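Lettered A, B, C and D in written order, each chain numbered from 1.
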């Protein structure tokens, strides 16, 4: 009975840093709580009603003391703030070489799609030691993707992408929870993260039915939805070429510049009028309602793949 | 309210049992009204805040929505409401000088202005209804009718509808405040006719005035936000 | 106990006996009677919320679902949250003790607007009726936070009835706040300057600011949710073009300061009890008053720390995080000042003091763990876990409820004219303290382990800690039933209380227990400085 | 602050009628100005100019029509505080919207 855990497993480097900040905070908490409790008990006993302790020279205010207990906690808390914030930025700034996995939350399951095209439900298999970035969205209400062993969590919103990343350093099976209340079976929206040796991971990837990569499916959609009719090299309508666009700045009509990221591509497909590339006519039709979240992810993967190629001319 | 008050014989009729003198009572009522208005500012303020944020996220849709409103009627209504504020200020002035006839006259004028405002507002609402601009299932999705460029995504239509959600919520809430104001003013007219408001005691009249000026103040901000800011586009 | 027996005989009837009909209670404009009306109603709601909590704790004894269905569980935590937050904690100290005490403490015959005060009780009851109706008609399953788009587009439960109840009860809170602000500004006795105000009155003033400026935003937000739910027009649901994060901004703009609506009044109560039972003026009066006002203002600009993983921008998260640390400083000042008040005092451990000392300890833990939650990276891990649940229960139960009970015991003789049995009082205080810690301390551990909140089922390795928590909850339940029993009995069997059984400073203690309907025959003209506690003679030399 | 001595006499802010008419004239002038300005394309300035005029109108209504100018400083504080709080709500919310995607991390 007494072999239950009191502290969560730690399976990323970041988790260690979060724990370090937490332990620092815990020390402050315990220290101050102990100080207050000990003082209260000590005073309550020493100066109990009727005790003979001297009450001479009692004061009702003491400026220096009061300044001290404003300034000292302020310094300590700013220190905590600084440390916690540094780790926070590390937690969400993904390295460039992270492989991308797509996550779709819905009542009440997690649908996960690997860049190679492999799909999973409520399970995520990843290789140890490699950074993985999750691109997440929801089909209905707000969910939250939470892996306690990685000390990381991010709300998953409908109509918008959110992201998180991690680099597991320990092989094992870890809890995946939905942390944002999402309805009746909220507590059933759980799963596991399987961190595997790279060789096992390769083996796992090859097992089961082989599907095409996301980018390949995206390429097919790009043709079948008619995108290539305008964005292709031999197009009759002049539209921007998408080769090498991803991750680069794009000048817009009206003078502003945006970086072509997932959000920009998604917006351009769904809301083409909102950010027209400088020098082009606003002629692209919207694909709102004609394309599913799933298909959007594939097209984004395709455009990303194009982006990794050399910029292929104007 | 019970009257077991030891010094009751010194007290004027309008003085409630728990106040020391009329000055204290008047100041309390005045401060209470201001506190209430602070609450009202935040009440409308939440809507203003949400409106501003959504306008920031989709200016095109909000501009398109705004273009459906009639600047002419809006301006006329602003004129009417500002005038009603003037007549209300004059009614209070008449309260301060203790002239019941003038109090009644200016209150009635204010009520007339308020009625005109509400009439104009109602006709604007009716026009919106005819143009299928009432949010909900009957809201038009015809891009031409909405004045949106062809080829905009569904979201822009939704945001145009959202403009009207805020338009009707904010102006409706404002109109609701005016209806309450009309009721209170009618009551004040009755009291004023009985000569209840004298140089020494016109607190209810003053509070009504504060309320009415606040209603005017809200409109001073609603009018440009809803009708004007996107007019040049 | 005999020392407390009344010696004086009052000629004028007390406010309790000045009219015995039901009508004389339901149509009363006497602030003291309205305070009692509130006391009865919020006690009712406290036990309704407590019953819901009992079901939650029973269900969580085992990892699987067994006691109730998942739907029922979700409805129960929603009922627990909505009832406890909006119908118990927010009105608790202001509407009961504040109503009763503010006029007495400042030397006034009543609040500035007695009829408005009665109206706010009726508004409270109307809001309560809507919410109870929602619970009886099948319940609500959105959580007390009503997050969109779940609440507006997905939930099939009685969201609207509950939302209307919360909307309505907000106005009760606004009117109470309005009444206090005007009363404190305009009804003080001559000589009762701001620097002579008891800190309880300062606390009520700071609370009222939040009530009048925060609550309307909640009301309008609920209105928008209702509009989206009923008319299906897009406001917060992304499918209809809305932004659910905006709901969270508007909701927390009220609901974070609402925590201070619960907490500032508690500070006020503790500020009265600690000096009285230490026989010392409160340490650092100016700092105490300033700290409360500072909390009221700063508390409005930290709401985004509830949204650090919500999709809010990182930069906004940083701003909210750093401001959250700043709001912790005045809370720390208060804790240090209370501790310093004990120093060289003459401390006695009567029941109110036990609650007060318990409050200081529990609030310290609750406040400090708040710093853990406000730090960006650690919050990513513990956000929406039992760590949060433990933290806010330390603040709201260990803080606000302890202070409320402490205050009820402290002023019970003044309110009812009777003494409660001291030994039972001490026993209950101790039971609550132990039960509370056993219930909620394991939840900190559970939270860091990663158990998310609002979970009906959970992985088996969390069971032992959950069983501990449930065991604590049953002790806590006994602790709460005890005062209900002996306080009620004391109304008939308790010894008659004197004017000032605690030998406390403050205008309210110069009045008979219970006071007359009009409080003061003559408004007091000269007012001493607050907390004028000289050391007892025998403590100066020896005893 | 002593309550009894502090109660201002009731008659002390009786303004001449001309004051009200003067404010009314100014309000009308600003109404025409703001409608006129709305038709002119001032680029980014349209919004601030329109709001500035609204604020000026609002301040005039509060100072003269609502007698704030002649009131106790408490009224100044209350009138000011409500708008300050509204500003807090709007500024701190917009702070989120303006800084989203600043770091090109989706969701941050």
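The criterion applied here is as follows: a contact is a pair of C-beta atoms (placed from the backbone, for glycine too) under 8 Å apart; a residue touches a chain by one contact, two chains touch by 3 or more.
Being a predicted model, the structure only gives us computed values, none of them experimental.
Undergrad: Between A-D and C-D, which chain pair is linked by the larger number of C-beta contacts?
TA: Answer by contact count: C-D.
Undergrad: On a C-alpha centroid basis, what's the spacing between chain A and chain D, in Å?
TA: Computed value for the inter-centroid distance: 41 Å.
Undergrad: Measuring centre to centre with CA averages, how many angstrom lie between chain A and chain C?
TA: Distance between chain centres, rounded to whole Å: 36 Å.
Undergrad: Can you give the whole-Å distance between the Cα centres of chain A and chain B?
TA: 45
Undergrad: Give the residues of chain B that touch two or more other chains, as numbers and ranges in rising order.
TA: Residue numbers touching two or more other chains: 20, 24, 27, 31, 35, 38-39, 42, 45-46, 49, 53, 57-58, 154-155.
Undergrad: So which bits of chain C are touching at least two other chains?
TA: Each of 185-187, 213, 217, 245-246, 250, 253, 311, 314 in chain C touches at least two other chains.
Undergrad: By the touch rule stated above, which residues of chain A touch at least two different other chains?
TA: 92, 154-155, 157, 160, 162
Undergrad: With chains as vertices and touches as edges, which is it: line, ring, star, complete or other?
TA: Shape of the chain contacts: complete, all pairs touching.
Undergrad: What does chain A use to touch chain B in their complex?
TA: Within the complex, chain A touches chain B at residues 270-274, 282-286, 288-289.
Undergrad: Could you list, by residue number, the parts of chain A that touch chain D in their complex?
TA: On the chain A side, the touching residues are 92-94, 135-136, 154-155, 157, 160-164, 259, 261-263.
Undergrad: Where on chain D is chain B touching in the complex?
TA: 3-4, 7-11, 14-15, 17, 20-21, 23-24, 27-28, 31, 34-35, 38-42, 46-47, 50-51, 53-54, 57-58, 61-62, 64-66, 71-72, 74-75, 78-79, 81-83, 85-86, 89-90, 93-94, 97-98
Undergrad: Looking at the complex, which residues from chain A come into contact with chain C?
TA: Contact set of chain A toward chain C: 1-2, 4-8, 17-18, 21-22, 25-26, 28-29, 32-33, 36-37, 39-40, 43-44, 47-62, 65-66, 69-70, 73-74, 77-78, 80-81, 83-85, 87-92, 107, 140-142, 144, 146, 148-149, 151-155, 157-160, 162, 175, 177-188, 190.
Undergrad: Inside the complex, what are the residues of chain B that reach chain A?
TA: Listed in rising order, the residues of chain B that touch chain A are 58, 60, 149, 151-156.
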